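Okay, here's the structure, questions in a sec.
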Amino acid sequence: MTISARLAELGIVLPAPAAPAGMYQPALAAGPFLFLSGQLPSRDGALPHTGKVGDNVSMDDAKADARIAALNALSAAQAALGTLDRIDRVARLTVYVASAAGFTAQPQVANGASELLRDVFGPERGVGVRTAIGVAELPLGAPVEVELTFLLSA
Amino acid sequence: MTISARLAELGIVLPAPAAPAGMYQPALAAGPFLFLSGQLPSRDGALPHTGKVGDNVSMDDAKADARIAALNALSAAQAALGTLDRIDRVARLTVYVASAAGFTAQPQVANGASELLRDVFGPERGVGVRTAIGVAELPLGAPVEVELTFLLSA
Amino acid sequence: MTISARLAELGIVLPAPAAPAGMYQPALAAGPFLFLSGQLPSRDGALPHTGKVGDNVSMDDAKADARIAALNALSAAQAALGTLDRIDRVARLTVYVASAAGFTAQPQVANGASELLRDVFGPERGVGVRTAIGVAELPLGAPVEVELTFLLSA
């Protein structure tokens, strides 16, 4: 099954690719990889939530934001490659969580992105290595930022 | 000398590979690299210390934790590859240090991981590039998280 | 035009490569990439500013620091490769900004590094993917740390 068929099966419509908010490319093929810029959970140019997880942003909202950021990464990947079917698999996922003091459940927030990728690419190809950390602040006050590296098909 | 012989010479017994604490793989070969998930300094499923370096976690404890996290990475690499002898060298090491306000000696904490890798792989192959940063919070309250990328032998 | 000619045209003299401040290599070629260690904005062994952006470090100073850190990365790359002309393009740039509470303009700080790389390598080869995040503390109190991955020419 192609990834676009799988997205349709899941009822997922990828957002339109966002214009870069700075001097960078959203996605870049380099060597065997597709590198993605850090993705915020923007929807139609706005963030659904701002602030810190463990303070004014709930776990459920943060997980949903991680999922949206991963969808934005897929949108950027599709725009760069023409088709997500050129992706062999998820290689590395880094999830930065803007964390209130004492909030230490970053992996659960990261699961919002991980579950989306597993659903789209399947458990064999959609689950790679992951790092989840709690940071002080993220651009525009986003609670979550997601960074992805895909392995491209040979 | 094989890496397992070198580990024996150093008196190092790798811990059993930990089960993933979320939806990720501990290690993944992709292109010429072996990517490792962010590793916490867990021992037998528990963290030796929790909290912030420069506050309730001492430099010595943090360095020891960075070493344990690196050992956990080696354990994950061995489980993924079958043998550490497939590793050509350490490529990139990132050390995230949960830092109290004003603590700026992240590189010294990172040396706990760097020294272990140098000892195991030798100064030619065990010392790669490194980034050390101070973060707000880490999963489960860990003081240190270590992320590694190895170059595989051709 | 060679990169050294381009640097001369821009009036840029690369700083002497800094000695590593820990157990790492400043730069390492691995697979198709040149990995760089996290670079601080040191000049002649000292930081122009210390502290947090959004507190005692201004946006202009932070952008200037990001540029200096990127110059230090170029110096390390040149020392490792012999010549910057072996670089095909900028692949990944990560900019860590030591951020005061509520400071969320990390991308503008990162532009200090991005603009330098665009100027040196040109808009086609100098602009890759980017992640900008706000962290709690950086080594030696630096306001900015820059991590680069270049793609090498085949």
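As written, the chain order gives the labels A, B and C, with residue 1 at the start of each chain.
Everything below uses one rule, namely that contacts are C-beta pairs under 8 Å (C-beta built on N, C-alpha and C of every residue); 3 or more make two chains touch, one makes a residue touch a chain.
Everything numeric in this text was worked out from a predicted model, so none of it was measured.
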Can you tell me the C-alpha superposition angle of chain A onto chain C, nearest 5°?
120
Comparing which residue numbers chain A and chain B contribute to their contact, where sharing over half means same and under half means different, the two sides are different
Between chain A and chain B, the Cα-mean centres are separated in Å by 25
Which chain A residues sit where two or more other chains touch them?
31-32, 135-136
Residue numbers on chain A that touch chain B, as the complex places them:
31-33, 89, 91-93, 99, 101-108, 110-111, 114-115, 118, 127-136, 151
Provide the residue numbers of chain C that touch chain B in the complex, in ascending order.
21-28, 30-32, 35-38, 94, 96, 98, 135-142, 145, 147
